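Each in structure tokens, the structures are laid out below.
Look for subunit A in each of the two complexes below; its partner is subunit B in the first and subunit C in the second.
== the complex of A and B ==
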């Protein structure tokens, strides 16, 4: 019986792991449920990856993000809506609560439809700013699609983003063997604040700018919202609790039409295909915790000295002990846990700290297996007793935060742990000094007793 | 208690004899000094005068000092040499096992202080200052104190 239940449990966990690492309940918010036909390939991909998709309109009464204080869904996907607000079930406050409860949100906006007020309010809480009046269209007179936007120049053709900077893993660049590009039609650009939690995936090219299509003035002046690299077209936020929010500036790039479209660059000879589908898969996969998720399997530290006990994770060490610290990490890749490899030019660092770090050491991979990598280091504890922490504080763009703290006491030498003086050659002169004093004293006492002065003559004799 | 007293009474007898020699010695050294000064005036070299002074002091010391006091002086000189060597080693080679330096050096210094105390207590001229301390008692105190000192120093050097 127990074996059967454990087998069922195993089966259940296996099924649960076949999708996202943090749950499979996905809520899709659309203006009209019938609209989902436009996004059938994108939504079909999501369902094919194992998400249980629920479709709702903002006005629906049954829509509720929380039930009895718990999240009703693990992830939310917003498509653009016509309504100015999203109603009482999707207020900015509720969206932020959802993020605080570790829910993930993928937000698809469009340059043609106004962004809902609650979304704008929630984004401004995260220091992400949309153009005024919640509309704005990004155009680029150098990187547009000749076939579909010859006049308006509002379909941007961009290469895949590549790594954000050296040392950051590139999750979002599909292979482009034939020069495929990303097509972003009717995009709304975002301007990011200085927050460390904000990371752009895709920035606009230097020649792009954002303007308000409702103002029909020929000359662009003060009303220009932002231009060039200031504009982020696809933005991510990873909260400190590792909840993820992604803003895709162009909802149209997720439609079936643009998944299959053939586009032609300004200077291009032939039409090329778009890689929107693969890019959308990666962006949604990252947002819904299918990639870039790290897990600590175990942490172990022990004394690394000959002739000493080899107990795991002792509560107490002595100053100047040699200690080995190991941590086993796995990275989730779509449907399974794989070994986590630190990107080149990046480090996994261990801090040994009491208030401030006494050591900050790079961990080196020691054991590689299919599902995990063990990183370890050996070091000598500092000459300072007190309460210390083994601390891993690994916060990198596109990876969830790892903060692990193991507290140990570090005591000073016990009185019988000091080396004997004769073991230290430097002490030998002083040992012999004591020896000379003591033997000299013994001779002195012996002669003193022998030479007891009974009279003048005897004292002369001993002299 | 009785044997102790009986020991103390014979000890008093040599003290008297040494005291008599001490009183007689200045009369001997007085003429000696006069002769040396006369010789220096004839030679008119100050170095010779100084060497005369030194030899006179040595002679005086040889004649007037009891044998046990000389033994004490010899031992104290030995301690000064040993302590000096240890200190020089510390200055030259560093004080790395500092407790070893402290215990080695303080063993000699402490022994020197104890021996100096013994010298003070057994000198005839100070007899009046220590009416209740016989030389035997002083020596017994000295032995006990030295043993305690050695015990501490050997412990401290680990």
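== the complex of A and C ==
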């Protein structure tokens, strides 16, 4: 959660220049700096969006991801390299450290070049697996580009991905999808583990499979790396600290050549233009925290009872208090913070928990403004004292994680907060009993004192 | 002898006797009392001189903390105190679950001194309060040396004073003294859970008296006054609440109260009816009432209106009970049956003078002597089954033991020294004794030597056994100079300085109060063992493997884990030695997941060396204790000096915890609980990657592919 000052600072910079929500220092790692000409449109777009791009080769001595323990760059963009390793400045350990330090990585791989060992090792830690030979080509005999890959069938033509599942916001399709296609030449497929942090953006169609073009075997049996939907072509990882890593299986799709190529489907009548450029913008924008970034502006909870003080965020409540909880959220959209709307079919939930949740409630939007939405709910605290947390644990694909915990103590009734005895009708018999005893005793004493003692010492005995 | 006089509220006696005594005798008496008080206070200052002004043991730390809260927030806040820094995340309704007597007393003294513009810190009061009360018997000193700011510090004084008032009320048959007795009984209830001893002893005394045919209106008046007012007073303490009418422990008092009414009624009837009629009435009426009352008691107990005897109580009859059914009670060393030497250690020669004193009571049996006999019998029994209850025995032994001495001395000096006896022993009938000068001299000489020996013993025990604060350990250097081992405070100070203010510390419950008091950090469990399940949870986390413990620690939001390890120094009170209790307590709740048997080798040994069982080696406690320990020694020579074994060369591996702090002598080790892995690996995999191992290729595995399911 950024503090208010940094938020304002960000706001000012955002006004001056469209920029990522988490810094603009972008490192581009290329085999040769001259190679950047191939990607001039893509890189130009990035620079146009305000990134300060530094170009380095893996061998460069000046390349260092950290300086004095701080990140030197906010984002890294890897293009495929020829070398097997990436050298001592880009080891798997350093890459993971970079992610742990909330740096974002966009990794473009290619079916023609081996993925470097350190990248493979790092990805394997994330439970993403590349073909074992470190090269593998995805082909599809039904969805290829007739114009460029009539023989090899290795230029896939795919529709834009659409929403992952209902309730998940679609970040990667053009604003108005109109049957456009993505062209993915020489793609390397990835197989994902079942971790919750991994989300594929673009999967291979059911008819696609991955094979090693160097092995000319007729039959593909057990050796098959993966096929169909199990092959992910563009994959995202969002670590628990919301650092993002995206793997684009086809670096070629980011080249100028394919940004505005004309392609033709197998059964297509005419050539159509690809939407690679738009897709690349969205994928890089997501990876570099330009979209899908949520921010908690503030959290407030207070007592919602008549005649009670309206203190904000008290440390302690009493059991069975009525409480209001509100959270203000903003979503970053390319260059500004906007109101965050929970997608339809999704829900923003609040847990009130001690060891396990006592309440799990939907938060409803109450106040909408240009830059934020306030979600709130009212509820009665449980009849259990203890140290509770107001917990928001909102983890959705493509949005950064919101994990907010506000601890409050819930105390028991104080000795003077119970209803008085006379207010409880069940106590009346007892109260009247006490009254009767008291009156009776006084009466007895009065009689005793005013009656003449009959014998000596008897009064003492009875006392 | 000295002890007894100090325990007496003798000033009253002194005043009462003033007219009868000669002025010289009074002066002597005052002087002697002053000397006794001086001795009593100074013997308690050993620990302050030896170490420093520091609060001892465990419970006093809580009392200290509670008193600070009381002084800072006032009485009503204290009364309604919800403590969110213990028993995380359950919290503790502290105001309603403590005996507030000690804190309120200290608070009152504090405010009084402040009002007199004497600048005083609450710490000073807590330190010295204990010293201000009773005599020098070691048994009692164990709980009342300066710095031992415990409930017992004032409770024993109150216990004795309540008994004194009870005897007084009984002798005079006075409502006033009965009410005073009830008042001090109320104070006692507010101070110590041991009040149940009075609650049971007084009715027992009354019952014995009635059985002996010693019923009198004095008994009736004093008992009913005490019971009615005392019960009402005790019910004002939130922790006690309705217990006096709902639990079996309090039923004798209620029963005797009813019984007394009956007896009184019968005495009245007898005065009004003829003998035969009365007899018939007695049999029928009494039998019916008794039967009905018993029936009602049984019915209400089975219906749940009256709680049956608690487990703690059963363990008083069957010393093996707790070990089987309630390990948490048995795990406390104070709850163990007393060893015979402890009697001699704590009471010295009083132990053999004591029976003689009891015998002498029979010589001249009055109501109060019956009380003393009953007390002596029960006190001895309870002291025998539980070390802690030695405390209740202590007050009665000196007065009783003093009796035979007095008799001796009285004989010798032919009644010349009419002693300043306490109320318990107020009237000695003249006694025919020895008159030969030689025997006089011999006996008095022997007695003097005994007394001197006693004082020596008491002083020795006080200075050596009971004046150690247990927070600070002392050892001797080779040259004989004292070396202070201060690991506890070092570690607690580290916690205070280096962790977030709300960092939750998980440790075994023994250290809960100290962490709360000295480190000021929230703990999961502490010495107020009110929730057995929560303690068992900690026990389970300690005795399970990391994979099992980690989710438990996450769920309880644990930030740091603290263990006590004595292997380097040979400090035997460490966690590995307490470990089996953790296992047993955890097994009581999760018999399927934790098994004590698995911590023993097939041959039934409890081992920590290379031969230890896998369960033992994988347990979190073992790993935390021995983590990196072998690096202190040359290869092959790692040694555990408490258990006297050689340890394997490779130490345990910890994946879910990071070592955060280890004290100078390795007594306290603190570990930080790691966060979940940032990229979703399990901790073992993440740690193995950190160590530079490559991940095993999953693809090499044969068998069905693991498909991703979305």
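Keep this in mind: the second predicted complex is superposed on the first by the 397 of 463 C-alpha atoms of A that agree within 3 Å, B and C clash if a C-alpha of one lies under 4 Å from a C-alpha of the other, contacts with A are read in each partner's own complex, and residues count from 1 in each chain.
What we mean here is this: a contact is a pair of C-beta atoms (placed from the backbone, for glycine too) under 8 Å apart; a residue touches a chain by one contact, two chains touch by 3 or more.
All values reported here derive from a predicted model rather than from experimental measurement.
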> When the two structures are overlaid on chain A, which partner does A:40 contact: first (subunit B), second (subunit C), both, or neither?
Replying inline: neither
> When the two structures are overlaid on chain A, which partner does A:96 contact: first (subunit B), second (subunit C), both, or neither?
Replying inline: second
> Does subunit A have more residues touched by subunit B or by subunit C?
Replying inline: C
> Is A:414 contacted by the first partner subunit B, the second partner subunit C, both or neither?
Replying inline: second
> In the superposed arrangement, which partner chain does A:385 touch: subunit B (first), subunit C (second), both, or neither?
Replying inline: second
> Given the touch rule stated above, what does A:310 touch, subunit B (first), subunit C (second), both, or neither?
Replying inline: neither
> Which partner does A:429 contact after superposing on A: first (subunit B), second (subunit C), both, neither?
Replying inline: first
> Which of the two partners, first being subunit B and second being subunit C, lies in contact with A:441: first, second, both, or neither?
Replying inline: first
> With the two structures laid over each other on chain A, which partner does A:192 touch: subunit B (first), subunit C (second), both, or neither?
Replying inline: second
>> Quick check on my understanding: which residues of subunit A belong to both its subunit B contact set and its subunit C contact set?
In response: 463
> subunit A touches which residues of subunit C in the complex?
Replying inline: 76, 79-80, 82, 84, 88-91, 93, 96, 175, 217, 221, 238, 502, 555-556, 676-681, 685, 689, 694-695, 697-699, 705-710
>> List the residues on subunit A that touch subunit B in their complex, please.
In response: 418, 420-421, 424, 426-427, 429-431, 433-434, 436-438, 440-441, 444-445, 447-448, 451, 453-456, 459-460, 462-463
>> Could you list, by residue number, the parts of subunit B that touch subunit A in their complex?
In response: 10, 14, 17-18, 21, 66-68, 70-72, 75, 78-79, 82-83, 85-86, 89, 93-94, 96-97, 99-101, 103-105, 107-108, 111, 115, 139, 143, 146, 150, 153-154, 157-158
> Which of the residues in subunit A end up touching subunit C in this complex?
Replying inline: 93, 96, 99-100, 121, 124-127, 129, 132, 164-165, 191-198, 200, 226, 230, 237, 239-241, 243, 316, 354-355, 385-388, 407, 409-412, 414-416, 461, 463
